[in-house]
Amino acid sequence: MHYALCLALFLVGLYGVMVKRNLIKIVIGLIIMESAVNIFIVMIGYRKDGIAPIMSKVMDPSVFLARSVDPVPQALVLTAIVIGLGVTAMTVAIALRLYEKYGTYDIKEIRNLKG
Amino acid sequence: MQIIPLFVAIPLGAAFFIPMVGRKNPRLSDTLANFTTLALFIMALSVIGKATEVYWMGGWVPRLGIPIGINLVLDGVSIFMLVTITLISFLVTLYSIQYMDKFTSKARFYSLFLLMVAGMNGVALTGDLFNLYVFLEIASISSYALVAFGGQHEELEASFKYLVLGSVASTLILLGIAITYAMTGTLNMAQVSTVIGGNFQPIHLFTIALFIAGFGLKAALVPFHAWLPDAHPSAPAPISAMLSGVLIKTLGVYALARVLLNIFGMTPLTSYMLLILGTISMVVGVLLCMGQDDLKRFLAYSSISQIGYIVLGFGLGTRLGIAAALFHLINHAVFKSLLFLNSGAVEYGTGTRDLNKLGGLKDKMPVTTATSIIGSMSIAGIPPLSGFWSKLFIIIACVQAERYGFAAWAAGVSVLTLAAYLRLLRRTFYGEPGEAQPAAKEVPISMKLSMVALAALCVAMGLLWMPSAQRTFLIPAARVLQEGLTYASSVLGM
Amino acid sequence: MLELMGLLLIFMVIAAIVAIETRDLLAAVISVTAVGFGVIIGFFYMRAPDVAIVPIVVEVLILVILIRATLRVGLKTFVGNRAFFGMMVSIAMLMVLFLAAIRVFNDLPAFGEPIMTKMIDAPSRVYLANGLHDTGAANIVTAVLLDYRAYDTLGEATVLFASIIGAITIIRKKARKKPSEPEVEEWTV
Amino acid sequence: MDSVTKGMTPIVQTVSGWVKGFILVFGIYLVLYGHLTPGGGFGGGVVVAMALVLLVLAHGKEEGLKRMPMHVAGELDSVGALMFLVIAILGMFAGLGGSFFNNFIAKAYPGEPYTLLSAGTIPLANIAIALKVASSLFVVFMMLVLLRVVYTEPGKDS
């Protein structure tokens, strides 16, 4: 159920990328796809009634092992977020330059190349 | 072996360093970049023939058989890919010294270029799924920027298209990796492979489909090829050579082969899927390439077709098929980068790459003409050039695996390729002098050097199929992929 | 309490649909930020405080960038979709993907029971049990990020570096020159 | 957009002057104690970058660029990345059997847990990453947000 909703979010983003004609909408679609994957990754590491994977002096290590959520997905998602930021920055840079050249964000008017 | 991480660390260090010093001193960045790629090439040559070696990052060796760190695996295929990547990147940086004088910000060009090389080396070496994704993104992001390097209308447009499709591909791959982690609890390729153990549930097929779509987009296999004919021609010529020559192969074909063959294990279904995808790419690519008027678009479509051959060879799954596919991979890297560098030389000498305006260049540009003929004949499969041997062995492998239909397609496409390239040569170098012919001039020395070196390799590469070279270079690589699931035990040492 | 997470996801899907379908620019950009903040709330809910700090700032930055990218050029509304036929094909494809995925997602471990609780030799268990002793970092996420999997983090820093250099390169005003001209170095801002 | 080049009203400028110090200190705290509490190089780095962004927004582009010129930010970006790489490479030389990203300090001198110096190279790596992330985000902000986008007519293309 939860995973299916996550996938729905992913597909909404993919729909935006595939169908929309506006460059900014395509960027928005990409951001939504990335958000969906990020939350999916953290969800697969979540443990019901878990605690954050940070040790403290008062905690018994075995209790910590039995209750903490999975730390690996959290490390992965941090990497994925920064990668997503890099991709977004670059996409917007190209979109801005395209605007300078064509005076529009509409992909139909930009289409010079045959594809 | 301490040399293994240096394949990534050296280009990264150079890429971080060059923008700091190259700003004031452009010639220093030329020297540094060429020295770096040359060093990498020598390092890659020095590891040929070594036995499989696993390097655990940070000294985190497996504890009680559980891989807790990230590992780099230097096995036959990795060595093969490293040699291909570093060879082409060295010759391309040599070519760039004078070609890139047409553009500003040369230091940043080299920085992005070396980041791309570091990313590809990282992909070739890694033994960890998420790490594969990270280095794939390094290589992809720098290639998006390099495609837009010229800053003109078409470059930006092609780069945007490439970026959007490339990001969709990366996200699909990341989703596939996340599902794999959710099912197996680990990211280490060897451990994933042992946990799955060839025991497929529907969700594994779904994951495989995600990986095929993602890596297929990166490799520009036919239903996913829309970005390639825009992106590869728009980039500066050295970058086109890198993209068509090695990038699509490392990020697409190699990564796909690793994931499908070494992690999930080849099944009849995946094998058939690869065969079909390969054949469609082969046929559609060559048909589309015949109608092109732009020299570089022609070459780009032809790349799709040749990638089809490689995927077809992998799809067969036999030792001969995989070895022939790898052989074709390195051959294609050499002659396609040669042809793209030639197209850059034509553009440099005449200022256009429109085939309707070219023609009769053979007297004005003798070196470019001679090297182009060698490259074209090699890709078209004329004996005794390298392309002939690799195509021949792919066809033989098809016959041996009793896939006669695919063998016929491969042979037919190779005839069409020959026709297309003969026409290309006539329209560019022979025939009536075009309107761009009078002003044409031969290119400077560094560009000539790198084209001649690649042409010589085209001739010499056929020797790789000689028994002794085959034993040390091709067969170990093919064995790793063909013996699929033994990868896990050789990495984890069980 | 898992229902809360479900509600949050439903909210995010709705916000995403609004972001994609609305014709008003500002509404679209704000809705996509709402999706982003949904992700952040999800991170806090799922005990990932480490991860939640970075996207707060990243979301704000993306919001500002997008608003500038569009308002700056005085463009307030969007025009429609690609051709009708292509749109229908895309929707059909996505529906097939969705139905296939729903079928196979039953194989995943249930939400709230990560695989490491069942897999006895999952690396995560090693990190949780020995992380403090091995690395000296009490924050196990940092231990994974900067010690066990530090190589990934190097890659991540490199991605950021590549995208910055790439964006600077793309933004520069003058890209071509004659081979004989000397190198010009400019920062566009 | 006048406010971008000239800055905002004196009220905003005064308040942001007080606040930015706190933000900066908070960012540095996140970086240094990243191995003990939530935070770390990335979280801390973005917070430090936001302090700089606040400066630019309140006092205007000119003032901001005077404090932190673009080419300096670009060079700090490279320095941060190089520092991280050097920390990784130093691990290869530390003693016998060293390897890339070896946490050589923590292995040679294990510190008292839950203190600043407990985690060897991790705080150093956090500092390098924070430097890199802060300067990167500052460059992105200046470039994409303050860039003047003007549509050039066809034919006048440079």
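By letter and in written order, the chains are A, B, C and D; residue numbering begins at 1 in each of them.
In this text, a contact is a pair of C-beta atoms (placed from the backbone, for glycine too) under 8 Å apart; a residue touches a chain by one contact, two chains touch by 3 or more.
Since this is a predicted model, take the numbers as computed values, not measurements.
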Mutual neighbours - chains that touch chain A and chain D alike: B, C
Inter-chain pair with the most contacting C-beta pairs: A-C
Compare the CA centroid of chain B with every other chain's and tell me the farthest one. D
How many angstrom lie between the CA centroids of chain A and chain C, rounded to a whole number? 2
What whole-number Å value describes the gap between the mean CA coordinates of chain C and chain D? 20
How many Å are there between the centre of chain B and the centre of chain D, using C-alpha atoms for each centre? 35
Centre distance in Å when chain A and chain B are each reduced to the mean of their C-alpha atoms: 28
Junction residues of chain D, two or more chains touched: 37-38, 42, 71, 74, 78, 81, 85, 88, 100-101, 103, 114, 133, 140, 143-144, 147, 149, 151, 157
Which chain A residues reach two or more other chains? 14, 44, 52, 54, 72, 76, 78-79, 82-83, 86-87, 89-90, 92-97, 99, 101-102
Sequence positions of chain B contacting 2 or more other chains: 12, 16, 19, 23, 57-58, 130, 134, 137, 141, 144-145, 148, 151-153, 156, 159, 181-182, 187
What graph shape do the protein chains here make by touch: line, ring, star, complete or other? complete
Given the complex with chain C, which residues does chain A contribute to the contact? 1-9, 11-16, 18-22, 24-25, 27-29, 31-32, 35, 38-39, 42-56, 61, 64-65, 68-72, 74-79, 81-90, 92-97, 99, 105-106
Listed in rising order, the residues of chain B that touch chain D in the complex are 2, 5, 9, 12-13, 16-17, 19-20, 23, 55-59, 152-153
Using the touch definition from the top, list the residues of chain D that touch chain B in their complex. 71, 74-75, 78-79, 81-82, 85, 88-89, 91-92, 97-103, 157
Interface with chain D, chain C side, in the complex: residues 49-50, 52-54, 57-58, 60-61, 64-65, 68-69, 72-73, 132, 135-139, 141-143, 145-147, 150-151, 153-154, 157-158, 160-161, 164, 167-168, 171, 173-174, 187-189
Considering only the defined contacts, which chain B positions touch chain A in the complex? 130, 134, 137, 141, 144-145, 148, 151, 153-154, 156-161, 163-164, 167-168, 170-171, 174-175, 178, 181-182, 187, 226, 229-230, 234
